[in-house]
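Take a look at the following structure, please.
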């Protein structure tokens, strides 16, 4: 079960080290994009969005269809992102906003209902068979060789875009007028609405932004993931692990945790291939027991 | 650029089938024993997720057989009805669906369209409830080869992994002779993947002792991202790769591996590659992947097969390995039913199935046989070739003779004390 | 009974309890008053184990209890009611008191008979009578009047039959009429249970009418201690009290 | 009423309930209802035991399916082990059931000791993590658990007390017995002094600690009891399917259990059972018209959350209570009060 030989071999071999490290970054960045949406929504609105995986799926499917029509990958990603964001706003307005004041269970229930409906809606619209989009022509090139390691340019593009977008949204929340208002509104909605600001619109926008991030991740990855209804589930679980380990509400924490998970996957598949999933959950347990607020979380859990 | 087929028609058919099943749920099925009421055959199969495409073709195959049977008058006017249910490819769901089919929907027996994972679960149910059953998909050898698993009233109309392993071993030994001695494997981490891979490597070693296994990676079934498995293989840098990934998993794996130029670097034997829908779904299909035959209209190259292919395509779907296997299974079941005169007693049906030989478009000699010794199918067309992205999809096909297969199979059974 | 010995509590640079030495003799009825931020509730929190003192000792019945966990201190015999009534909203008044009695009888983990057991039921009835809460006994705690909720909170503490009872502003948030009623009840309880009672209160009139001994805190330190007439005449107290309302330091809890 | 008499009466009701269930089994001619009910018994215990945590103690566990699966796996692995059935003979099934119960209890105790230190969402995620660890373990330890494949080869269930569990009716009777036994235990726990303590912790944990109760121990004990009863549900399902699967420990099972509780009613004892039945009914009725059962479930849940704003049974009880005005007794807490509390805490927290 444990193959430390393979692991140490890899560390002494630059080709392997580069390839696996790049793998870690690639897996981590896509995860980060999804998880940053979860953590953004939780950090500001204090809602755990259990429906986040559904937006990942929506992004991927819409991108698939758009790509079929336009043949342009970038347009497809853009449309997928926007679609997920719009559905997110609608979901927030019609359902989530009604349970802000309710307990965790009610929020969970609403999200679950939404996931069920989305999965079946996708089945009705796109069918229950898997769909494959295929890598766009411009990325069908030989992989790059870096110090003997193999790195596909398409994945570099994914990782770079993911990082850039997530950092932009962090800046938006931390420093922009929008970010300041929405954070103030979440802390004290009455006070902010007294100032003549329409709080619900800000909340909906933020929620839509978070969902858009998930949709973008789905759209970006669509060329290499076969699309199926319910594809959001596994990414949801992983993004929860990231959120918890990084610290609920902390975007830098999510980045750190996503990379940690990416590297665990990349190197774990060499050293302990059968326990890669187990290792991720074990990390989650250790973090929750010894540092419930997460690596970079701000507020301590009791 | 547009991809994979859509077929509203077949899905609507499923709904109708499911609807009919539901009505009887409420009506409580035990009442419906009256003569003249149709005999119901329950069919769990995978209709959602990565491999739904295969489940749908299996459904079409089963329906082709049943429709023909009913059109020919059924059993003295008594019709046969298929009740098809989605098992989602999960063992627990397959077990649940099978029990529901038997107890809620009043199905008399099971035509199992589940992959290996679910098949072992279905197998438990039919063994436990003493239900006549035909497994039409699972290729895992131990299902019928291992006496511990055997039940006299359960049959398999699918390929058997060991047959493909012998055929593949013989074929791959030529690759080894040409210099490909360092092998790696990448197969799904569950019963079918593990046993099929180890059987293939076992026979490869028999035919080419110089072969060494230098690396293995085991993605989970329906895993979304194979990057870590792919880079793992890159690091191992073998001469050749064996994989028994299948369906949508195989498609996703190939799409992702192509980004790393994986297939430029070594030979690949992907036993489940040779189904047309899979080949068509892979966007960056590299040439020259070695594959077993799955379903091919020219293997065997006979008119009956050509006709069957044409007939099948009228459903709007492309025939697959699952399709011919389920069709064949349904034929056995229906023949048995005809013999018993509609009696669905599990032992009578089993007696009518065991050892039977039927005419078949897929047999090497125009027939296939349900081997008496272990209730599994033999004499179907089997062999290996190389895939190409356009018709005819499989070239350089090298069939394997059945006497060779049976010899090695017997040895293998002895080694594993299955005899 | 209860003796605070050079008690100090610091939060960073802020000294919330500044070398407080106080004595509460057995059976006494004392009040602690002081402006906002004087450290009254902080003092209570240290006695009940919510906060650990930075230095000093809390002697209870001759034993140093500082640093013990709240549950342990409660079991030793120090009960407490809270500034904001801390109750069990989904239980009826009767049930809530019975659970407290059950906790006191060490039957809270009992699985072998239905709740409440007979002896708990009897003690609960006595308690209801003592509190005068029979009319609302079957109402949900979350739905009774604010005053009743405050009284129930006191009742919960009382159910433990404490030797020392700490009441944090028992009359807070009530109308003038109610406040006097509440204090009467408190005094009645004190007499009938023969315990040591300490309460925090803002309303000086109430304090002067009720308490035997009054301790005045300011900036965490004891400004004065004594009987009502002594405190009333103390010019320091008057000055501190009147100048207090603009104080910016907030109570810690 | 005398407190021991309440227990006696409740137990009597359970015996009567069991008798009725068995009578149904004897009268009903086919297998459909019996198999359906056997399945419901298994989910029933899972959901009712989770309700002890979620509804009575205020502990939202996302990982309750772990104990359900643990019960099934211990039961199955024990009976499949070489020589066990031969050695125990007719006692095999009862002893395996007991071992499954105790083993699951031990597992739940271990996890409870770690998890109960955390609160709210952190507690929920930690229980989830332990559940996923169990799934990983089941999938990884292929030689013992059969991995992804589950326990294959059938679970031997030798006859005992004249019950042959391979037969539908006998299996139904034994499952009904286990179900009623589990249900009775949960009922008695909620009626006991400990049950009242659970509600104290749910309502106001801080105050409970201030009454001298070690709330950590309360939570650990509740977690353990609930785990054991869930394990009993797993035993029923293992008997029914003659197998055990890793999906039983999956988060879909845990999640669905929570949703059935919420659907049926969080604040009434029998609400969750109603949720189980309703969910199954929605599933089966939808299947008549379409395979899109998820869509129907989703819409039903949204209706319950957004329109009724509480579980079905809670809603019915509230409507009745408002009609009759007043008259709430011990257990029948109106959910309005609780909803208010929940809101209160939430407001205070933010």
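The chains carry the letters A, B, C and D, assigned in the order they are written, with residues numbered from 1 in each.
Criterion: a contact is a pair of C-beta atoms (placed from the backbone, for glycine too) under 8 Å apart; a residue touches a chain by one contact, two chains touch by 3 or more.
For each chain, UniProt lists the protein as follows: A = Amino acid/amide ABC transporter membrane protein 1, HAAT family; C = Amino acid/amide ABC transporter ATP-binding protein 1, HAAT family; D = Amino acid/amide ABC transporter membrane protein 2, HAAT family.
Bear in mind that the values here come from a model prediction, so they are computed numbers and not experimental data.
> What is the graph distance from chain A to chain B, where chains are linked when they touch?
1
> Let me check something: if the centre of a chain is the mean of its CA atoms, which chain is farthest from chain C?
Relative to chain C, the chain with the farthest C-alpha centre is B.
> I'd like the Å distance between the centres of chain C and chain D, where a centre is the mean of that chain's Cα atoms.
41
> How many angstrom lie between the CA centroids of chain A and chain D, rounded to a whole number?
Roughly 33 Å separates the two chain centres.
> Mind checking the centre-to-centre distance between chain B and chain C? Centres are C-alpha means, answer in whole Å.
Taking the average C-alpha coordinate of chain B and of chain C, the gap between them is 76 Å.
> Which chain D residues sit where two or more other chains touch them?
In chain D, 139 touch at least two other chains.
> Mark out which residues of chain C touch at least two other chains, giving numbers and ranges.
none
> Of all the residues in chain A, which ones touch at least 2 other chains?
Within chain A, residues 123, 274 contact more than one other chain.
> Spell out all pairs of chains that touch, sorted by label.
Touching chain pairs, listed by label, are A-B, A-D, B-D, C-D.
> Hey, which residues of chain B end up touching chain A in the complex?
Interface residues on the chain B side: 1-7, 11, 47-53, 56, 86, 189, 217-218, 224-225, 227-229, 231-232, 234-235, 247-249, 251-252, 255-256, 258-261, 281-284.
> Write out the stretch or stretches of chain B touching chain D in their complex.
14-15, 18-19, 21-23, 25-26, 28-30, 47, 86, 90-93, 95-96, 99, 102-104, 106, 117, 120-121, 123-125, 127-128, 148-149, 189-191, 220-221
> Which chain A residues qualify as touching chain D in the complex?
Of all residues in chain A, those touching chain D are 1, 46, 48, 95, 98-99, 101-106, 108-110, 112-117, 119-121, 123-124, 187, 237, 240-241, 244, 248, 274-275, 277-278, 281-282, 284-285, 288-289, 292, 301-302.
> Which part of chain D faces chain A closely enough to touch in the complex?
54, 60, 114, 117-122, 124-126, 128-130, 132-133, 135-137, 139-140, 251, 255, 258-259, 262, 266, 292, 294-295, 297-299, 301-302, 304-306, 339, 342-343, 345-347, 350
> Considering only the defined contacts, which chain C positions touch chain D in the complex?
Going through chain C, the ones touching chain D are 48, 70-71, 74-75, 80, 82, 86-92, 95, 98-100, 102-104, 107-118, 120-121, 138, 140, 142-143, 156-157, 159-160.
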